[in-house]
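Each of the next two complexes has subunit A plus one more chain, namely subunit B in the first and subunit C in the second.
Let's look at the complex of A and B:
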């Protein structure tokens, strides 16, 4: 477990930051309205478009990508398994169930209330998942993701069942398909809470790293294991619920990004966090830019693009030999 | 005794004659089908068909659990529930024992299954030439159910409603058709399911490059701003499917859409969503849609 600086060196870090900045700027200039490089500083209309539409969309992609990647990292630490993530192991589905229930019981609920309910159901769903996952024998690491898939499927089936009875199947489909086309100034700001969750992960990073050694070891080292578990659960649930409510389900980010980063630099969470957050942001930004360009001037949802890109990356992870086995 | 025997003999002659009732050629979405005229028990899964049959005074014996349009509640009242809009319940259908099953749109993939219960026709209508297809269906149902007179009268009123909408929309400028999906929007062009608005009513499209495609094209609000239409014609999908989130106005009311000519001048026409989206092609539903267009284009100058 080498610190980042030793593992890859400062120049690599600087280069990565440059790539992210480049994507950020590119994203500001990709869209239907006309914004040229020169015009961005002089043309008031171009400035307006950037402020009202491009910057919010870019920030939303960055916050979503960073948040989901970090949520995946925390979930993998808590489950002590590399192959789980919030959207496959029931957190996303639980959040969708919350939105569905609040829509049924209180159709006029505000977005904030919907987010709150979605966070609570995501919390309940994830707690149940982790409490069962911890009873699985640690000698069989593939049982956890397998159980996660089944569990996510069961919660998803519950969503479908309720939605089918209430004739809201298509409504759920709309809510859960992840895309940024509707993001504008004033319509994404809730996502900044993800940034707060990221900060929390940073603060507790060392303790999460201890948790990855297992309950007995970390308690022996003086860690309040139960409290840390609660904090981790809140981080995962809030980030996932926020994303589902504001932009929809975005697959694979939480799975692929932490895995790639851990291959390159090991499992020290504090040194991994900036890389995981940055790579997640870059991945979602790239996919959103591609989705905006492929059928210009029409859009392809970022969830669809990520489904393709993420599946390829996941296969690569599976077939490549682990670097830090 | 003799009388009873006589009646039995007479019945034996008469009944087959009734069974060989005249047959009617019906053009369906899958070609022309010969059907026995005047079916008595009909299960209707197509809301456009239910709407038009209601206008002709034909009562459906079986309907889906939900008809979505409040206007169709009366038409469905008293009928047996035989499945959902998407999924016919074959057991309930068998129990009903219909003479004819009418599918369309969302239920049309189930044709093979329901054909095992009773003769089934697929009366799906696509949006390319909705008005013409709606009239053709009206005529067909009129002949099939022996309501030619009522169909002809309805046809006259309908043609007048179409003409009124055409007249109202004439030379009023370019329009963009949008469907709102919760917080997201898609645009529809010539050749799409709402393409008849351009093709039949002569409303000029604000964007000419859009290809066909039943679900429209997902677009950003920047797209709407760039197209800068004189008119926005809006279908709220959530409202159409009864999702309780009727928020088309809230979705569109943002700074990018507010900068279009259409929004600035209050030229936003909200179409009765379920009439168009669920029962598109039904004569009564289409009359309401046409009335909304006529009203919308006449209101502002």
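Let's look at the complex of A and C:
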């Protein structure tokens, strides 16, 4: 934690943590079932509601936000482009394709097996994207994200096509729309694996930072480039697949958060990781709370809220940033 | 050169007629008169959509001086769906349902034309980097789709389904009651585009040359963008958004006739569009079962074509 504190200073870090804690508590107490702050400790019903529904939901939002933001950060390093992230460059859609296929071939598969297959297809989809992205001329920084968006659309069309023929269109629509309303105790625990992926990113952070200098430079500095590429791909794919399996597609988190953090803090990954993870968690928490309040007592999926917020933020990034990405 | 394009156009025309014939006759049984009436309504809608998309894409590509831009890649049909949600939001679910569909369509088309002018004229005038513009367009599309679904949920949970039908492409369900209004609007649009075919040739020479030849560039382009917006409104109202269809048929048509002269390109693209749409619909309807999957297949193939053109264009 030292570099962060040196760079930004202890008070800012403490304030950020306080904001995150505030959001966490707010998320626990927003909802249709009334729970007062005092009631949480005395009323057994309220206690049960919090333990079974509110706490899992809040934790899921935190884990998803942090995981997706980190996955975006890693993906931007591997693609050497600031404007890509898993759900806008085909990883999410590839994971959805995997879930669909495993549902078709083995309807009784456990959720863990589904995640595994989804991770594998996400891995394949992302590898293909990256191998093409690396061949695109570096003079056209916006070509990579454009390619990614359309590539994701093509994979998505394949998903829709298969789903249509298997009469699973509704299943896919429910599965891929990102929302936390179905998250209960026992339905989200798999997401803790993305915390492990976060730890892995932390361990390899310095090597990822080297990778962002490009293949030749990093190999010259003694980095096993191919190996790091594989590790990065696994991190991206597992986090994205987990998210798609448990809560659905949540766009733009991995895009907006790392860009904002890098704008404020620079590109040293190790010092950026806690900020990226924290901001990602905060962003998803805020959007989930907004989605719950906007049309109380009905809910708006967090994926929809983030589609609006994230797309607007992305456009802002595109036109604010000078052309060299 | 002239001869070749005439022959190709004639061949395309014949193929299109064959597709139309097949669409009308294959698998016909039961009450023939009723079936024919039903089919001709759907055929009319498909042909209208095909021509509208082809013409709007050609005009848009000429105006923006680029062959991989289409109105829908730039998010124009998402804009139409958004204007529809906006209208429901303004008058309420019940009001929306009780509105005259033609009046509703006119209102939506109007909102759409205004928004398109507001959004795309500054973007075109500033002449930013093409790839950046494309990326911005795709993102604007995402933004409008998200905004639409947000509005759709804000309106009323019970009316949610009302709008959802409009938000994804389906050539199987066609909103027949709009046919007359859409037909009139698109006929006017297509006629204007056809009359301006020589102006379009001049525009294609680039902004400076066109201005030098006495064209009021800004005024003409503004008018053309609104024309494109109106045509997109027609096709989106009838079948919903289709991202890559226009790109696919214009690229195919251009390859076949080997020229960008609008007097030939416009009919060629329109004919290819009719062949793909009506022919594809016939094949899927009778061969492969799922009628509504045509939109998905076009999306898939068109997306691949787009990627190929993008990569090819960059390498060159």
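Here is the rule we go by: the second predicted complex is superposed on the first by the 313 of 325 C-alpha atoms of A that agree within 3 Å, B and C clash if a C-alpha of one lies under 4 Å from a C-alpha of the other, contacts with A are read in each partner's own complex, and residues count from 1 in each chain.
The rule is short, and it goes like this: a contact is a pair of C-beta atoms (placed from the backbone, for glycine too) under 8 Å apart; a residue touches a chain by one contact, two chains touch by 3 or more.
Model, not experiment: these values are computed from the prediction.
Enquirer: Have a look at subunit B and subunit C on subunit A after the superposition and call it: clash or fit.
Expert: Because the two structures are overlaid on the shared chain, the partners are seen to clash.
Enquirer: So, A:318: does it touch subunit B (first), subunit C (second), both, or neither?
Expert: second
Enquirer: In the overlaid three-chain picture, which partner chain does A:174 touch, first (subunit B) or second (subunit C), both, or neither?
Expert: A:174 sits against subunit B, while subunit C stays out of touch.
Enquirer: Can A:300 be said to touch subunit B (first), subunit C (second), both, or neither?
Expert: A:300 contacts both subunit B and subunit C.
Enquirer: Who does A:146 touch here: subunit B (first), subunit C (second), both, or neither?
Expert: In the superposed model, A:146 contacts subunit C only, not subunit B.
Enquirer: In this superposition, which partner touches a larger number of subunit A residues, subunit B or subunit C?
Expert: C
Enquirer: Can A:216 be said to touch subunit B (first), subunit C (second), both, or neither?
Expert: neither
Enquirer: Just to be sure I read the superposition right, which of the two partners does A:103 touch: subunit B = first, subunit C = second, or both, or neither?
Expert: First partner only, subunit B.
Enquirer: With both complexes superposed on chain A, which partner does A:161 reach: first (subunit B), second (subunit C), both or neither?
Expert: A:161 contacts subunit C only, not subunit B.
Enquirer: Out of 93-101, 201-209, 237-245 or 255-263, where does subunit B collide with subunit C after the chain A superposition?
Expert: 93-101
Enquirer: Subunit A residues touched by both subunit B and subunit C?
Expert: 295, 298, 300
Enquirer: Inside the complex, what are the residues of subunit C that reach subunit A?
Expert: It is residues 129, 131-132, 134-136, 138-140, 142-143, 145-147, 149-150, 153-154, 157, 243, 290, 292-293, 296-297, 299-300, 303-304, 306-307, 310-311, 314 of subunit C that touch subunit A.
Enquirer: In their complex, what parts of subunit A are in touch with subunit B?
Expert: On the subunit A side, the touching residues are 31-34, 49, 52-53, 103, 107, 167-168, 170-171, 174-175, 179, 181-182, 184-187, 292, 295, 297-301.
Enquirer: Which subunit B residues qualify as touching subunit A in the complex?
Expert: Of all residues in subunit B, those touching subunit A are 66, 84, 181-185, 187, 217-223, 225-226, 237-238, 241-245, 251, 254-256.
Enquirer: Within their complex, state which residues of subunit A touch subunit C.
Expert: 83, 132, 136-137, 140, 142-143, 145-147, 149-151, 153-154, 157-158, 160-161, 164-165, 251, 294-295, 298, 300, 304-305, 307-308, 311-312, 314-315, 318-319, 323
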